[in-house]
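One chain, subunit A, appears in both complexes that follow, with subunit B as partner in the first and subunit C in the second.
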Partner chain A sequence: MERKNLVAIGVVWPLISFAFFFGLWELAGWWPISVAFPPFSKTLLALLAMIADGSLPRAYLSTFQPLVIGMVLCGIAGIGFGIGMGLSRAVEWFTLPIFIILQAAPMAAIIPLITYLYGIGLTSKVLAVVFLAAPVIVMNSYKGIRNTNPSLIQMCRSFLGTKRQEVVKIVLPHAGALIFAGLRLGLAMGFIGVVIAELLITPTGIGDLITYHSSVADYPEMFAAIASIIVIAALTIHGLERLERTLFPPEIRGS
Partner chain B sequence: MRISVRFLLTAILLASLLVGVFAGDVWAQTRTKIRYALGDVISIDELPLLIAVERAKQRGVDVEVTSFKSEEVATQAVINGQADVGQGTPYAAVQKVSIPIRFFYQLSALQFFPIVNKENYKSWKDLDGQEIAVHTRGSGTEAIMNLAAKEHGIKYKSVSYVPGSQVRALALLKGTIKATILDAPNKNLVMKEAPDKFILLPLGNVKASDEALFATTDFLEKNRAAISVFLEELTKVSRAMNANPNWVLEERKKLGLLKDLPQKLEAEILPFFQEAVKSNVFPNDGGGESAARNDLEFYRLSGALKGENLKVEDFWYLAPLKAALANVK
Partner chain C sequence: MPGDAIVEIRGIGKIYETGVEALTNVTLAIPPGKLSTLLGPSGCGKTTLLKIIAGLIPPSAGEVWVKGKKVEGPGQERAFVFQDFALLPWANVLRNVAFGLELRGVPRERRDEIARRQIAEVGLGGFESSYPNQLSGGMKQRVGLARALAVDADIILMDEPFSSVDEQTRRKFQEELLDLLRHRQKTVIFVTHSIEEAAYLSDQIILLSPRPGTVSRIIHPNVERARSPDEIRRDKNYLDTVDEIWQILKHYVA
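Up next, the complex of A and B:
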């Protein structure tokens, strides 16, 4: 009974929260706070129309291309760098400053530089995703390795474990949760990177929908495109967070 | 005696303060400010505007020009009341937004140049089934290229969107794109950098506004005198330029405009205006009804405007221009 109540609360409260938010949006649209600000109902209709005519799915096919390539690159190279930095002082000394600088650099200012070097094609967009996502993934992997419980390492050594066993059986499983969290946060940054790239480099995919509908004053469609990328990013990140909780329960996470 | 001196001093101070306050008030009353939203960076093509702004200032109308990132942002500034007058051709916004915004002056007509890599293409027919690059979806550049395709009975394989003539010019020089459309300064740049590599494709007579002024009808009605002064100065500048393109250089020097312009760009001023004047880019009469009709036709074909039987009065407010032209000899 108590469990049933908890589930009801878990469903009802978010629904009330959404209804409240969308209600305010509707009111703000009809008031209006700006003549270019569409109410929620018109935005929702525009979103459905864009799904029905295929323009939104087509846009996402195009947007996901640099995002997926960038994230795969970050997943392989980023975690590799992070582990390398965590295990070797030399690699840490050599690469840590680069990732700290990248993490602090304002991406919108760097994108023109990328276009000068790599042009206006897919490469530049992939690089925008990598530049935003990589620092988070690398730093998380690095911290995960570095923060391994010293008593576990001592234990391994006292059992005469080899260096390889120490890394494979103690360090990596212990850092897994932080590495995964890094991937999740990196994907969130990747979404930001791909949208910035599509708005600032060449308008393709969702960036094209936003730019085009803004230029022809189709404000409900423009807001629908923006809202759709927010929803997709939020759902993906939330899904990954749940997966993370299942894969790495608190007792494994060590926190 | 000491008291009377102090009294005298206080009285003088108070009197001067009052005179100052009233004089300031009268000064403020006789001067009108127009907040002008420009969706572009200020460069040599804005010189006619800057000259007119200076001349309007001498007649008591302060036009405060703010440069925005794009035409859309400038349009939003006007829609939301943060700017009074905008520059651009946001016909779609004028048609769709619920508050009455109208165009009232044509600053310049479209002047673009389709340009192709000579090694790949020689004529419009060669572009059949080929890839081209234009500014953005629904832009004037796309409309021009589509109209040309219709005229020559060809169909492009695909249209890529590469915002900014400068970016397309660089991509053309680097060989990333083979066929595109550029504005005059960037066409000149490309032809100068690689004179034997590219050719311009002939274009029929495209008559549409590149830059026009727009504002809410409410603002135009409440600020008739100031708008008239501004339009009179813009018209005088256009006429002087059309009579002698060199006049722009003389005025720039006289008024001290764009002082920190790089020398390379400085050399481009005269050729730019000579070419623009030759192509009838700057109207002597602010465009008026004929410009409005041409625009409605062109932007309907481009897809920016929807519907048939579009009416001039739904997009243009011609009274301020008529009033200004009556004052310009």
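Up next, the complex of A and C:
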């Protein structure tokens, strides 16, 4: 009985919250606060129409290309670099400043430079994703490795563990949760990167939908495109967060 | 130096990179099958000395010999019990206890069988699949002890193993430790800052002076251990030993 109540609360309150938010949006659209601000109902209809005529799915197919390629590159090379920096002072000395600068730099300012060097194709867009996502992935992996409990390392050595066993059985599992969190934060940055790239380099995919509909004053379509990328990014990140909690529940995490 | 010592410590000194001199000219013999305690004020280098014996820290001067061989690093004949337990949080009790054997490449079934036996012996039967964060401090240290016993080392090095364990658990644990050691003929080197603990458990108490630590006195408490724990705690020799140690240590406490 109580369980049922909890489930009901877990479903009902978010629904009320959504209804309230979309209701306000609807009102504001009819007010109207601006001609460029469509009500929720029109935006929703535009969204459904764009799904039905295939323009939205096509746009995502092209947006996901640089995003997926960039994230796979970051996942492999970024975690690799982070682990390398955590394990070796030489790699740390060489690479750490680069990633600290990358993390602090406003990336949108670098995009024209990337375009100048690599043109307007897929390469530039992948690079935009990588430049935004890599720093947090690398830094999290690096910190995960560096924060290994020194007592566990001593324990491994005292029971005659080799250097290899120390890395495989202590350091990497210890860093696992932080590395995964880095991937999740990196993906959030990757979404930003791909949209910036599609708006600033050449309009393709979802960036194209936003720019095109804005230029011909199809505001419901423009808003639908913007809302769709926000929803997709938020749902993906939320999904990863849940996966993270399943894979690394608090009771098995390192201190 | 007595010839039958299992561990010989010869002129050990340790100066840390920071310039702090932790130990100077420590010379000691540890008899086999007995419990020796390193006791002293905090900062006297007890733990440093224990870790040097374990081969985890290299000494700046002197040598440690274990069973006639010079210590160059950790070895099969020594097992360490850590003050902060040093358990893998992502591994259950069974894997933690078997971890020393896992590192040595003992096959899964064999090491699990040994680990199960040790877990039962330290009184943790039924907790094999629990994770360290689900256990109390006393239970965690039992896991640490079982892990050290599982590799069947002759010498067990214990670094303040009961310091993060509450008082009642500690007493029970001490009694069980004595019981276990009586059966196993292990050599134990034990670091503590508790006078009562040292007097209650030890065959030999090595009193260290404050930094830089050196051997200030060696005491052999003549406590009859075959008797019950409560009798030991009322034993005249036990009480005399506690008093004797306190008379020396109180000069070190500023």
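Assume the second predicted complex is superposed on the first by the 254 of 255 C-alpha atoms of A that agree within 3 Å, B and C clash if a C-alpha of one lies under 4 Å from a C-alpha of the other, contacts with A are read in each partner's own complex, and residues count from 1 in each chain.
Please note the rule applied: contacts are C-beta pairs under 8 Å (C-beta built on N, C-alpha and C of every residue); 3 or more make two chains touch, one makes a residue touch a chain.
In this text the structure is predicted, and so the values were computed from the model without any measurement.
Asker: Scan A:A217 for contacts with subunit B and subunit C and give back first, second, both or neither.
Answerer: First partner only.
Asker: Based on the superposed arrangement, let me know which partner A:Q165 touches: subunit B (first), subunit C (second), both, or neither?
Answerer: It touches subunit C, and subunit B stays clear.
Asker: Just to be sure I read the superposition right, which of the two partners does A:Q103 touch: subunit B = first, subunit C = second, or both, or neither?
Answerer: So A:Q103 meets neither subunit B nor subunit C here.
Asker: Touching A:M155 in the superposition: subunit B (first), subunit C (second), both, neither?
Answerer: second
Asker: Return first, second, both or neither, reflecting whether A:P173 touches subunit B, subunit C, both chains, or no partner chain.
Answerer: In the superposed model, A:P173 contacts subunit C only, not subunit B.
Asker: Residues of subunit A touched: more by subunit B or subunit C?
Answerer: Higher number of touched subunit A residues: C.
Asker: Considering only touches as defined above, state whether A:S55 meets subunit B (first), subunit C (second), both or neither.
Answerer: neither
Asker: Report, in rising order, the residues of subunit A that make contact with subunit B in one complex and with subunit C in the other.
Answerer: Residues common to the subunit A contacts of subunit C and of subunit B do not exist here, since the sets are disjoint.
Asker: Okay, in this complex, where on subunit B does subunit A touch?
Answerer: Interface residues on the subunit B side: 71-72, 75-76, 79-80, 90, 92-93, 95-99, 136-139, 160-163, 167, 171, 174, 176, 303-304.
Asker: Inside the complex, what are the residues of subunit A that reach subunit C?
Answerer: My answer: residues 149, 151-152, 154-162, 165, 169-170, 173-174, 176, 250-255.
Asker: Across the complex, what residues on subunit A touch subunit B?
Answerer: Touch residues, subunit A against subunit B: 34-36, 115, 119-121, 202-204, 208, 211-212, 214-219.
Asker: Mind pulling up the subunit C residues that touch subunit A in the complex?
Answerer: For this pair, the touching residues of subunit C are 51, 54-56, 73-76, 78-80, 82, 84, 86, 88-90, 99-100, 102-104, 131, 133-134, 147, 151.
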